[in-house]
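Chain lettering (A, B and C) follows the sequence in which the chains are written, and residue indices restart at 1 in each chain.
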Amino acid sequence: MSKYIPNTDEQKRDMLSEIGVADINDLFCDIPEEIRVKGPLNLPKSLSDIELTKHMQMLSDKNSDTDHYTCFIGAGAYDHYIPAIIDHLISRQEFYTAYTPYQPEISQGTLQAIFEYQSMICLLTGMDVSNASLYDGASAVAEAVLLACRATGRTHVLAAKTLHPESREVLRTYTKFSGITVDEYGFLNGIADLSDLEARLSPDTAAVVIQNPNFFGIIEDLKEIAELAHKNKSLLIASCDPISLALLKPPGELGADIVVGEGQSLGNPLSFGGPYLGFFAASKQLMRKIPGRVVGETVDLSGKRGFVLTLQTREQHIRREKATSNICTNHSLNALAATIYLTAMGKNGLREVAELCAQKAHYAYSRLIETNKFSQVFSAPFFKEFAVKYRGDVHELTARLLEQKILAGYILEHDYTDMDNVLLVAVTEKRTKHEIDTLVERAVCV
Amino acid sequence: MKTETQTIFEKSRPGKKAYSLPECDVPKTPLSELIPGNFLRDTPPELPEVSEVDAVRHFTELSKWNYGVDSGFYPLGSCTMKYNPKINEEIVRMKGFTQIHPYQSGESVQGCLEVLYKTGEMLAEITGMDKFSLQPAAGAHGELCGLMIMKAWHESRNDTVRKKIIIPDSAHGTNPASAAVAGFDVVEVKSDENGWIDLNSLRETMSSEIAGLMLTNPNTLGLFDGNILEIADIVHEKGGLLYYDGANMNAIMGITRPGDMGFDIVHLNLHKTFSTPHGGGGPGSGPVGVVEKLVPFLPKPVIEYSGKSYYLDYERPLSIGRVKSFYGNFAVVLKAYAYILSMGPEGLRQASETAVLNANYILKKLKNDYLLPYDRVCMHEVVFSAMKQKEYGVTATDIAKRLLDFGYHPPTVYFPLIVKEALMIEPTETESKETLDQFISAMKQIAKEAENDPECLKSAPHNTVVSRLDEARAARKPVLNEMSGTNN
Amino acid sequence: MKEFEIKKYSKEHEWIGVEGNKAYIGITEYAGNSLGEIVYVELPELGSELNAGDVLGVVESVKAASDVYSPISGKVVEINEELSENPEKINEDPENCWIAVLEISDPAQIDELMDEKEYKKYSTEEE
């Protein structure tokens, strides 16, 4: 008997007789005999705690973790510093074992934390309203596009080729079945090609999607793109790295109508790709159309401040097929981690993190170029990630560095077939000068 | 009891800090030489400035105003709030799982890929499907993904007129919403007096324009639809597919399988049936499984095993594409994997049997106190109605709020929509008879109070950190962040 | 309080008050009561052309949202901007709180709607 099932056999017998049936099988009388499972399922037999821990440790040991390997891979997921308080606080059962805060009287903790999260996202992005978070950065892009199409009544969308390839893939999947056309505009010197963008704008273009810093780590000129989009009465959707927003002008100030992004960098571990969180913020005009949950402030019967889920009529459980989105969950615990992260780092800490990333990334870039084994790919300014071309086989390089416990970077040829031997290298505040120097030395010593 | 609530912003004092970062150890360049000045913000975002102790106390205080499964009984219908094993929380924090970048090379992540592959295999066995994708992040996400697979399959056969999907009137709200996002029109079928699908109505509705049927079985009334094989025949005969909403899978593990009932596509909620915690609303995980003929349409990449090693297969021309970054909510899947291994086949069956036993026990004990609209054996949850109490002016909401005073999380109310003043109770298998008996006596007392002291219920809760909140005010003039706050 | 030349009712629980070639449209007391506290009203765009049965707007309470259908065809010539700020006005007196004014394009459509007596009977049966 599993320790997670507390009733004893005797109690079960008592309950059966109370119900008035002889056997547990009598409770399954509605299930036709021919579809009953005969015998046990073909699954491994149950493991005790000790056996389970050993088995899981064995699997964990098969992976090369970033404590033992130096990580220079980014491309949408980053090895940033995570303050210890985050895991301690999100591990409090009142947070992690609670359901969605549908009963506000016993959910003020989750609700107030989300309210604080929404406030922080608005501060970073310069937008009026934020939701309580979505699944991840890529699905947030897709939801932003669906919103833009609903709000404008248009069905064409222009996405930058410098937008994360996985975001573009998710966007294609989401739009494929709903009559929305996604077209892509190109880039020059690693930044969005504005003349290509302008040429592709049509009266049916609902939104222009841009990522900043873009997939190559380069900073885009959001203001110019916003102007082009708005001239065409299209919305601007910007997908941003939240760490960069400590330094860069808030996209809201530059004309973005919807700002989304991957929030993993805010205190969430890499965890082989998830769970992360997608943040989602918009201008006031779009408030009643945004997808996902939203928390608002109100008062209780005695006039005391409290928080509730609000604007619920947008949601699937009320609007059913007329809902603004089918999204039901948020990534509450990840958003809580982000809230605690932003609290811990605060106004000055987040800026320090962003500056350290920028300094170290630029140091690594110059060192690699100095070796003559790597050459410049783009000359445009970047933030914490950059592309360099290896004079040799980049697959051989990354394999060799892996043996030396270095996760060297992301190979751009996967997504941009003409960019052979180009490596995308990310440098966070966690990388030391020594680690960067080691990467450079090992990379050139064949 | 705390009377004043402060946000973290209100606790902020300039100069305080809760972080510790290293000095910059590389030669520093002025920032404006790295990034052009016109891209830089003038002032940093006004995030709070607090000490580490302030931060810890603040979030600890917030946590105290919450109610989790570890706090007490959580009979929230359709949500399967079972106990979340602690060992899984330890496992998920192993460095070889948390500290892994999703773009590391395949050889350096064999352990992660093995977890994903084997979880997929085990879920396929539990549901009777052929292959699973673990990419969807939540139940509704799984629904969307499954419906896209349905659409892609019909389109691959040049069958492009199937624009509609049948959904019973008792369905979860996400079903019609997901169908709409996937580009389907929704056709509703009615339930009969047993709470089962009305077969005649289904026969009349089913046509060559219908892509398929979305069904939860047991349904949202907690009843197993015994006509399922006939239902499957009716849909299949006309060329449709059957979609299984796995929200209620906790009733049938090891007892019957959606695949054997005739379903073609299944989504599961790992955060319900497979014990992963809800996290105050997420993250969850909503894997999608399909029968053989639909495997080519699963989202890519698919995790495969070569006989020697695990790898990500991107060469899938018929795939609907990606629905999420990377490979799904890996850390959530990991907990479900550990749960299945610790339960084993017998344990899973006992879990479902006990969940059903617990629900029937509550049904039997409370049927004289509350109206039971479908008086028959239930599965893992039972739906009562507060119509008896309504005579005294007491609603399902009032009963729910009064339960808070007794220290319980209330049942789901006002759902399913086909039951007036619905109270949907799902005890799960992880609750003991002692807990159920205490809950039952609280429910009986509340039924008495409804008769004798209805005001006490209408003004409930009385013992919580806040009383009933003004939701109309929140929605009329929304205050959604600190900056637009009232600063009271 | 406005006195209309003709006041009619639709099966979707809208009222329509005719004044010359203009029709004032709102929701009935029955609809207001069944929605509960109204928190938001989505108004149509000025100048939009509606057919009978098209969605004119949306009235939302905390836990429900209800489309308001235009009982007749016509062009939207006026909208009640006050409702954006104070949606609760509808609750106070639904039968005297119009949402939008249409320029009537087909007066025959008005004849087909219910009068007060017929609507009373209809809405009692709905309950």
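As a convention for this text, a residue touches a chain if its C-beta (ideal position, glycine included) is under 8 Å from a C-beta of that chain, and two chains touch if they have at least 3 such contacts.
Only a predicted model underlies this, so the values are computations on that prediction, with no experimental measurement involved.
> If you average the Cα atoms per chain, which one ends up farthest from chain B?
Farthest chain from chain B, going by C-alpha centroids: C.
> Which chain pair shows the largest tally of C-beta contacts?
Highest contact count among chain pairs: A-B.
> Of the chains shown, whose Cα centre falls closest to the middle of all protein Cα atoms?
Per-chain C-alpha centroids compared to the overall one single out B.
> In whole angstrom, what separates the CA-based centres of chain A and chain C?
Comparing mean C-alpha positions, chain C is 44 Å from chain A.
> Per the centroid of Cα atoms for each chain, what is the distance between chain B and chain C, given in Å?
Computed from C-alpha means, the inter-chain centre distance equals 38 Å.
> Can you work out the whole-Å distance between the CA centroids of chain A and chain B?
About 19 Å separates the centre of chain A from that of chain B.
> Please set out, as single numbers or ranges, the residues of chain C touching at least two other chains.
40, 60-63
> For chain A, write out the residues touching at least two other chains, lowest number first.
312-313, 318-319, 322
> Could you pull out the residues of chain B that touch at least 2 other chains?
Touching at least two other chains: 471, 475.
> Spell out the part of chain C that touches chain B in their complex, as residue ranges.
37, 39-40, 60-63, 87-88
> In the complex of these two chains, what residues of chain A are touching chain C?
288, 312-313, 318-319, 322
> Going by the contact rule at the top, pick out the chain B residues touching chain C in the complex.
Result: residues 414, 471-472, 475-476 of chain B touch chain C.
> Which stretch or stretches of chain C touch chain A in the complex?
Listed in rising order, the residues of chain C that touch chain A are 40, 42, 60-65, 67.
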